[in-house]
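Both of the next two complexes hold chain A, though its partner changes from chain B to chain C.
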Partner chain A sequence: MPHRAFFAFLMPSLLAMVLFILLPLFSVGYQSLFSPPRDIETISEICSTNFLTGVRSCEQTISMEKVEGTNVFRGLDFFCGRSVLACNELATGWSENTQGVGYFWSKVVLNLPLYKAMAFTLFYTVLTTPFILALGLVVALVVDNLWRPLRGPTIFASLLPFIVTPLVGSLVLFWMTDNTGGLLYSITNGLAFWADDFSLRASPQATWAVIAVYGVWHVTPFAFVVFYAGLQTVSQDQLEAAMIDGAPRIDRLRYVIIPHLMPLITFVLLIHIMDAFRVLEPIFGFQAAANAQSVSYLIYEHLVLQADKRYGSAAATSVLTIVMVFILLFPVLVRTWRDFRIAAR
Partner chain B sequence: MKMTRIALAATSAALFSASYANACAVDGAGLSILSAAFPAVEALQDESAACGAATERDQEHKDKINAALAASPSAYNAVLGANSTFTSANTAGLVASITNVPGVAELPTSMKVEQDGEVVAIAVGANAQHLMVRADILEATGMDMPSSYEDVLALADAAKAAGLMEYPLTGTYAAGWNLGEEFVNMWQATGEPMFVNGTEANIENEAGIATLNMMKELTSRMNPDFLTFNSDAVQAQFEQGTAGIANLWGTRAQKVIDGAGALGAEVVMGSAPTLGGGSTPASTLWWDGYFFAANQSEEDLARAVALAIDSADADMLAKGDNMSLFVWMMDSYEATPAAAGVFATAANGVPAYPMYSHMGKMHTALGAELAEFLSGQESAEQALADVVAAYNAALAE
Partner chain C sequence: MTKRHPLALLVLIYGFAALWVVVAAFPFVWTTWGSLKIETDFFGHWVKNLTGEDTLRSFGSYFTTLGYDSAFSAKKQFGQAVGNTMIITVCTVVISLTFGTLGGYALARSTARYAFVLLIIALVFRAMPHITLVSGYMEPLFRWGIWGETWVAVIVLVAINQPFTIWMMRSFFMNVPRELDESAMIDGCNRLQGFWYVIMPVMWPGVITTGLFSFLLAYNDFTVTSALLSQQNTTMIPRIAGFLGSAQNDGDQMAAVAAVVTATAPLFVLIMVFQRQLVSGLTAGAVKG
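On to the complex of A and B.
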């Protein structure tokens, strides 16, 4: 296809991407640097009466009067605030620290909301990804080798965790971790801990592990169905040739099937890293906010849980999320680009 | 758009006025009221709907109040909210003064919420967290209904020692809003002011440490999952018989009585306990009620107020089990057994939940930063310092 025709075909979708993806991204970045002008504060007294004793209680409160006007440039104020990068807190923590880097890391850095959230989000992303890829491949291979009439029902059953709404799925698993007889609780306690006060919900470590297990359970079917589709296109000639050459099953997997699936593995990897970094629902499903907060949860907290919306911190956190996703995706993108260049040559 | 809305309202008004003609003293056609969706407020909304008003019931209503009232004219004429949502809307200057609206002056004093001498809201019901204890725990241990948190600890230990339950004590300690509320409740019992010099936080002191230490003492006797317990979970533990002592919301009292009753147990309702020899109950008094949009015509405002007053009348209380749904503030209300705890707590002089504009920021900071102390990862001093830092960050924004 000539380049011109190619671009003509691509133009509408490029335009839509600029309009709906690129512009909002820049808009969030731009907005994170500004805030509306400060409201004028007036003090007033507000009173209510105890319905039974008739005692009247009053307290001073502040009313805000909206000021009309253009937004004020705040620069990196929001990025440096305690809720986001916490520049000042880190600087004072470092200068006052006398107990070494480990202490600084665990008591100062991980005590700040964004870094705490970042730690959990990275843990979730890094831990679930290999399990999802490996388990997805194993399930796909098993299903592919099943007796044909059994395949349909098996595929349906294996897809179920992915079909169930995340909030419902995590709630089901949350109930299974109940320490008054939940199934998952009973199994883990019975096999490993034998402790009366054992709980899968009380410590950060246990909560993180349970959410990661949920993540693997929820996303593995996605990897499975992609890999299963890929397995249907593996060249039978190549496989037969390998068999005639005497290659055992494991070598056929290693040298024929996996190289064939490689583009799909990259695809699943990309999608899952992006998804995992936005993890939010399980934190609600598992009531886990005490022990595990993700970056998306922080944004939700700024925008919804706060009585007064904190658009500045939310926008700054969003920008950092986008930057982090790019950093995480970078190696994969570079690899894809290199493969593309080699193929083009 | 506006035309269709008016047409719709007119049709529904016509439909309703046909069937409820004599029950309505006020024509609610064209008015709209936003509310939460629990049974007590739904009973009020049903009254207004019967008079032709459009009623929107939404458990997440707090997220849209300010945006809706900021429109001109406001998207709703009235909001059936609570002191927390009122404070947020009032701080933003979106609430109308109703002092001179006909009918307001005649309301009982406790129903009038005032700002600088002007009536700004009509309270209709009261709610507070108070003590609920299963009667069989008191009998088996031979102890009286606790009046202080020190007694609560002793009762919980005795109940466990008697082998009644593994974790007899429970509470709404879920990280987030619930945990923040538990701190505020406990703090009130110390009698210290939470803020000094206007908005400066005043919790990094002995009272703050005492508050946190009592919370730690209590939670160390609870099921280790306590940081996930919201009101639903606490109610469920009463229904399952896995817990029998809690400081829980008055609006849950009837359900706890019913739930424990299904297991053959009775529940005693009492005042919220005191702390450290003080006399103030460790709880806060909340009100639910109406406030009205500033952005509306005087004529609409007068009709909306009349409709609100009319919805909370003796007729409403007489219908079905409406009387037991709430601790109503109307003169025609007669207390049901489930209301005993809120009454006892109010009689002991429980303070109202603070209606400062900056209270919301403190509450959020408390809910987010105290969990690590209760799970033993942080000292009380560090937790309080974190709360103040988070609060100051929110204040600066």
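On to the complex of A and C.
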């Protein structure tokens, strides 16, 4: 395609992305380094002399004065702030720490917002991923073996948790677990015979677990659909050959089907890890903000929930998040680029 | 595949399928059923949600539309949010598809190096969580005094979903053979005519599938709409989140339940009508890498 035609066709899309993704990205980068000049505290003294004792006493009043002017370069102030990387808190915590690394880790590091959110993201990813992959595969195998007319309705039901907005999905589950008479509450209490009264919102651990369960419920359909499509392209010849060689079902699954699905498993894994950074609505849905905060929630809190918007902290957290996502994505970018080069040849 | 399984395995397969269907769909059935009850039934013991004993005592009927009445009342104005959502999703889908179809076609037909570079950059944009861009929008929008406007949210939603749209459209255009373009040009079409009269007629399934996903991205959005729209322009999902905050205060949780059911209903219809396209769209990205 000639260059002119290419850019003519791509122009609207390119313009939208440059103006509303690239420029805001620069704006985010700028906001993480610069801030409007800080309001200045002006201290004025009112002094008076007591006419009886003759003692002169002064009273200080502090008032804030808005400063107009150009933005101030703040260096790494925002990145080092308490709600972001918390450099000072870490340094003092480390120098005052006498009880070993474990204590420092659990009492200092994990009490700082960003590190707590990172720990939550890691926990969420590590805990949900195996379940999503395994369940997705099992559901795909099961649906593939169902009587054909039953497959459509099963896929319909399966798509629901994935298609529905995360806020709605988490609320629907939350309302079933929250109240003491709720159906899921009753079931989990029936199963949790080891505890007298097991509340899903009682502790941070329980909240994290509930959100992880929601994550599995929400993402498994996606894994299922992808794997199910993959199953349709498994080589029948290979399967037949394996059957003639007398391979039992489990071996056919292990040596033929799963290797065939491997690229799809990587794909689902990658999407899921990147989506872990996006977890936001379930925190509202499960009213979990007190116990669990995700990276996205921290940014949202700075920008929307705070009365005075903390652009600097939000921007610094955003920059760090983008860098992390980019690092995770890097192997894929390299592979995609290589595929392009091969295809172009 | 030859599917002759022993009975035990069959029982296991059908048992698991039944269990999975219940796990996936039952919460929605439960909430829809409960939205027609009063609060002490839905949020009371689960047996009461089934029998609706308090609803019967208060209204003389097993069902009541109290929650819906409250959600759509002049005070809560969920109807307004429904209207806003319709405007914003329709505009976003139409503009996204127009831009995305043109862009996807260009990217599918170019073999130049810069086309690949652009695609890779779009992939990076697509991977960034949307919330990371929000501070980049908010500060300038407040400065220019256009924060909260509907059209601003539409433009932002279009742009933020462009990377996804052009990737998906490109993968559909890749399936249309290049020879079709060439034959159209030999027959005397210019590129735009060839695109419109020859390529587009075979592309409608791809457009519909991509359109479904841009619909879902706009309809389900919480991040952009809740951060960039004023209270009166806001869409359903942020409004529901707002109900949650106020639910404890006025003891009116059923409005939130009714709103949730209302917001889910169109998606229900969507999956029922377009199930095949949704499945093909979900796998289009995956199977083609």
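Note that the second predicted complex is superposed on the first by the 257 of 345 C-alpha atoms of A that agree within 3 Å, B and C clash if a C-alpha of one lies under 4 Å from a C-alpha of the other, contacts with A are read in each partner's own complex, and residues count from 1 in each chain.
By definition in this document, contacts are C-beta pairs under 8 Å (C-beta built on N, C-alpha and C of every residue); 3 or more make two chains touch, one makes a residue touch a chain.
Quick caveat: nothing in here was measured; it's all calculated off a predicted structure.
In the overlay built on the shared chain, the residue A:A247 is in contact with neither chain B nor chain C.
Residue contacts after overlaying the shared chain place A:A289 against chain B, while chain C stays out of touching range. Taking chain A as the reference chain, the count of touched residues is higher for C when chain B and chain C are set side by side. In the superposed model, A:V28 lies in contact with chain C only, and not with chain B. Shared-chain residue A:V225: touches chain C; no touch with chain B. In the superposition on chain A, contact is made by A:V304 with both chain B and chain C. By the touch criterion defined above, A:V142 reaches chain C but does not reach chain B.
In the superposed model, A:N111 makes contact with chain B only, not with chain C. When the two complexes are overlaid on their common chain A, residue A:M17 makes contact with chain C while staying clear of chain B. On chain A, the patch touched by chain B and the patch touched by chain C overlap at residues 178-179, 287, 304. Contact residues on chain C toward chain A in their complex (touch as defined above): 1, 3, 5, 13-14, 16-17, 20-21, 23-25, 27-28, 30-31, 34, 42-49, 98-100, 102-103, 105-107, 109-112, 115-116, 118-120, 122-125, 127-140, 155-156, 158-160, 162-163, 165-166, 191, 195, 216, 219-220, 222-223, 226-227, 237, 240-241, 244, 256-257, 260, 263-264, 267-268, 270-272, 275, 278-279, 282-283, 285-287, 289.
Chain contact summary for the complex, chain A toward chain C: residues 1, 3, 5-10, 12-14, 16-17, 19-21, 23-28, 31, 138-139, 142-146, 150, 152-161, 163-168, 171-173, 175-176, 178-179, 181-183, 186, 217, 221-222, 225-226, 228-230, 233, 236, 239, 263-264, 267-268, 274, 277-278, 280-281, 284, 287, 295-296, 299-300, 302-304, 309, 311, 314-315, 318-319, 321-322, 325-326, 329, 332-333, 336-337, 339-340, 344.
Only residues 63, 83-84, 87-88, 90-93, 109-110, 112-116, 120, 123, 126, 166, 174-177, 179, 198-199, 223-225, 227-228, 230, 240, 242, 285, 287, 327, 329, 343, 346-347, 349-352, 354-358, 360-361, 363-364, 368, 371-372, 375, 377-378, 382, 386, 389-390, 392-394, 396-397 of chain B touch chain A when the two sit together in their complex.
Those residues of chain A that touch chain B in the complex are listed here as 35, 43-57, 59-66, 78, 81-83, 89, 111, 113, 178-180, 196-197, 199, 201-204, 286-291, 301, 304-308, 310, 312-313.
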